[in-house]
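Chain nomenclature is as follows: A, B, C and D, assigned in order of appearance, with residue numbering initiated at 1 for each chain independently.
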């Protein structure tokens, strides 16, 4: 294995992973009530296909995708649908969103789906369609429906599949534990995805601070004996696991700002997504559970749990020994990009990779804000090579032309600039506030341009028709005159 | 259970402007110590005066502008400005010079532009340049360093303070007897008088590298500067580009005519070269912002410094060069916006 | 003699300067009007709604350039457009004159109650941006993402089956033509 | 030298006030961005100033002096600068991407060309044609650089939290004053 590759920019952060990786993954008890938010993936909300009072089996589909960019939902427990109503949702920071609530009957009766012995027997298109039925979404955090991602790159030649095991955010260790304990699943999933995409090679990337995961993966690769797959180490520099950053580090190519990875012949999936694909295809298990890291000084026993989707977060905390008195904040995701939850009643969703029960020690309090001193630390760490200080100036004045020029839309909100700012300016927050304004402006401009074009082509068409009509009239008159004479 | 929420990121580095400025002040300590060793305790009086004036002016400006006093006074930027200005002044310069220069720097060069983070020009250099063009005689009469063999009067701390405040030397001492030009000044004057380089450098003012005493002050500055680099308070671009372009100019001209132009080592260890490269040009507020921009900005300072030192009317050009390049910074910034990830071209 | 020479010379140069001025002015006149109309048109929202009393955004832009219309006649653009026009033309900004109509607080697009549509094509002819599709005696429909909300299709409809509805209900990321095309292509 | 610098800075200041300070008064039709306007004006000056200076020198040397009417130098120069400005306008309209606006473009260019050009005439090393071409080209470059730098400086000042009494003109003047302070470092560089 060669030395670790890295992309430009980024930060070396304290990983905080040792607490949660001491114990092996434990299986959390199925919840008494599972709450499944209908919009827990990117794209459009799913549509319920069960009614209140209906009995469902574990793994039975309960909501179907509404559009092409949407995903199936499956029952994570067997029992009765008791409500379809707004419930606190983790993807809304704890605010209520329409959810299906299932009461557990304790039987775990399974809804049987066929398991595919030999996935290579299926045609790639057929396999892609089959994967779509599993309700799998990007488990790294973005939650983009996997089937839509596969469709976006289908039929492209010489595609490289990138399996993202670079878990760069502090505190999160679910992918590392997955690779340590279920490496074979990851490798199988990668091979299935390769077949579905007709990819020519597959790179599995993981950070150089996870030697045990690396050994496990290497062993699994050897067992699989598939030459097309290889392992690559990336330097543990946040945000190494960002899709665009990882592609730049591994392939030395940048994704065009207005394009997708497929445009440079790459498709990126998270390791957990690959494992979920493997479970579905090989065992017929849809996405009804995932590994969640429970950590932070605010919880008694930090560890990784294999959790049913829809389990209330409060229950997971209980399984980890409950809160310690030091708890101050509850985060879903890591400390850099994670969202603060207002309540622990919210349930685990498909993209919940980590719950940080944070104490004051985990969170460095922000000092009062000073004016920017243009030190340039932010530009040095920006993985998108932006000048955050200039963006900040333009965001303060809401100068849309300036924001466009300095590339606000290319900001990935990783928080590196915010982290290093000596003036303690909440840059990411400012950028997030300014983005909708700029997006609306750009949309309006594009719409006006399109409307203008259509208006002009319509005018031109009408003029052409009128001219043609006049010409035809002339012709007829001439003919009539000739007949007369 | 309910929890308060806050926007991400939920952790930030424990770094503040105040911490950055504190480290800069500590990094100036070697220079200050060397300065006091070679030029007597004048600098201590000047620094105290300058810092007091800077804080008073800052407080006045903040009060007038209705900003929180304690918060901004604590950031240390005014103290750094005051110390840099004091380091540039002759140790026995009269008190009103220090006070007016510092007040000008803080009030006009800093707060008129909007205070910390907004000043287009380096306040310390504005203060110094104003004093230099207004009172050249006072600004150019330095003390000879103690390392010289020539008989110099050792002024005690009390005598120094008295001289600074009253403008009168202790009895039995005359200004002419104790002042001496800076090495850059002396070299320039003597060369202008028609001396050869050897004759000019035969003056006891000059040591192994640059001016005697001065070379040690500059080496102390280098130590402080390297500390700043290692603590990542500043980055290499500005010092390297400025010293590099200065040395390059000096080397070229030295190669052309060693009899008229002193070599690169002399330039690097004379005047405010090192102080400028590590402490003045690196002031982030008035410097260019991207790496490429900083290289251009600092190379410009190096070249202008050399031009002004060699052919201009003033012995040292760092202050003017910094001000001129400060002026060019917005233009440099405009043309050195880095390429954004995923874009083929720079915006 | 020298005085005379001086006089002649001065006159010559003054004449040359004036002549150059005339040439430049004449050349400028033609180009400047076209360029100014273009710039005004860029600022207008391209709704093509005719509330300004002109036949579209470009005719209104031409009228402004020729001094035949004021800058405050565009309700869809609102005060922001009026201010941008004022800045462009170096005039004092003024708010939009309410006599030219008002706009709903959120963007609206036309929506055809399809069962009621009799397929008369009158709305298709009225739409200034070709955002309505349909054939004679067949149901028509509005491409919501391309509708500018000009309301010009409402009066011609003989069965009053067109209503304005909030844009956000009808235009979503996934119903936008480009998203659909993407999805179909994949 | 310092007087030339002073004239340069004044020309920059006047141009900048015209571009940024007066509503609807921009040298170019295509843009209302002060910086873009400054770029266009700088480009035009790079053409017009050396051209005007050269033509006037030729006229002065071969017409005015032989005819013994050298006292007409200044009015002739102004007329030449005006003509050159108009010609530049015509050329710009035809070949440049930027479109000059009337009357701002020609007036600014005339004023700058005349102010700088008249100043060269009194310089000792402007006695020869080469001297005039060089010094006017150098002055045009200096003008272009100063104008662009001041225009970007002005843009940055827009975002600065400048105290109310200092906003706009006062702070611009202070900034120009500090630039002049920096330029004093050049004193003694070129003998008067």
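Everything below uses one rule, namely that contacts are C-beta pairs under 8 Å (C-beta built on N, C-alpha and C of every residue); 3 or more make two chains touch, one makes a residue touch a chain.
On a predicted model such as this, the values are computed, not experimentally measured, just so you know.
Undergrad: Which chains sit in contact with both members of the pair chain A and chain B?
TA: D
Undergrad: Centre of all protein Cα atoms: which chain's centre is nearest to it?
TA: If we average C-alpha coordinates per chain, A lands closest to the whole-structure average.
Undergrad: With chain centres defined as mean CA positions, report which chain is farthest from chain C.
TA: Max centre-to-centre separation from chain C belongs to B.
Undergrad: For chain B and chain D, what's the span in angstrom between their mean Cα positions?
TA: Taking the mean C-alpha position of each chain, the two centres sit 34 Å apart.
Undergrad: From the mean C-alpha coordinate of chain C to that of chain D, what's the distance rounded to whole Å?
TA: 39
Undergrad: How big is the gap, in whole Å, between where the Cα atoms of chain B centre and where those of chain C centre?
TA: 57
Undergrad: By residue number and range, which residues of chain B touch two or more other chains?
TA: Each of 114-115, 118, 333 in chain B touches at least two other chains.
Undergrad: Where does chain C touch two or more other chains at once, residue-wise?
TA: Counting only residues that touch two or more other chains, chain C contributes none.
Undergrad: For chain A, what residues touch not just one other chain but two or more?
TA: 371
Undergrad: Output every touching chain pair, sorted by label.
TA: Pairs of chains that touch one another: A-B, A-C, A-D, B-D, C-D.
Undergrad: What part of chain C is in contact with chain D in the complex they form?
TA: 2, 5-6, 9-10, 13-14, 16-17, 20-21, 23-25, 27-28, 31-32, 35-36, 39, 87-91
Undergrad: Per the contact definition, I'd like the list of chain C residues that touch chain A in the complex.
TA: Against chain A, chain C makes touches at 41, 44-48, 56-58, 128-131, 146, 148, 172-174, 179, 182-183, 186.
Undergrad: Provide the residue numbers of chain A that touch chain B in the complex, in ascending order.
TA: Contacts found on chain A: 93-94, 170, 244, 248, 254-259, 314, 323, 327-331, 335-344, 358, 362-364, 366-368, 370-376, 379-380, 383-387, 389-390, 405-407, 410, 413, 415, 418-424, 426, 428-429, 432.
Undergrad: Give every residue of chain B touching chain A within the complex, in rising order.
TA: 1-17, 19-20, 71, 75, 77, 114-118, 235, 284-285, 287, 289-291, 294, 333, 337-344, 347
Undergrad: If you look only at chain A, which of its residues touch chain C in the complex?
TA: For chain A paired with chain C, touching residues are 43-44, 67-69, 148, 151-154, 444, 447-452, 454-459.
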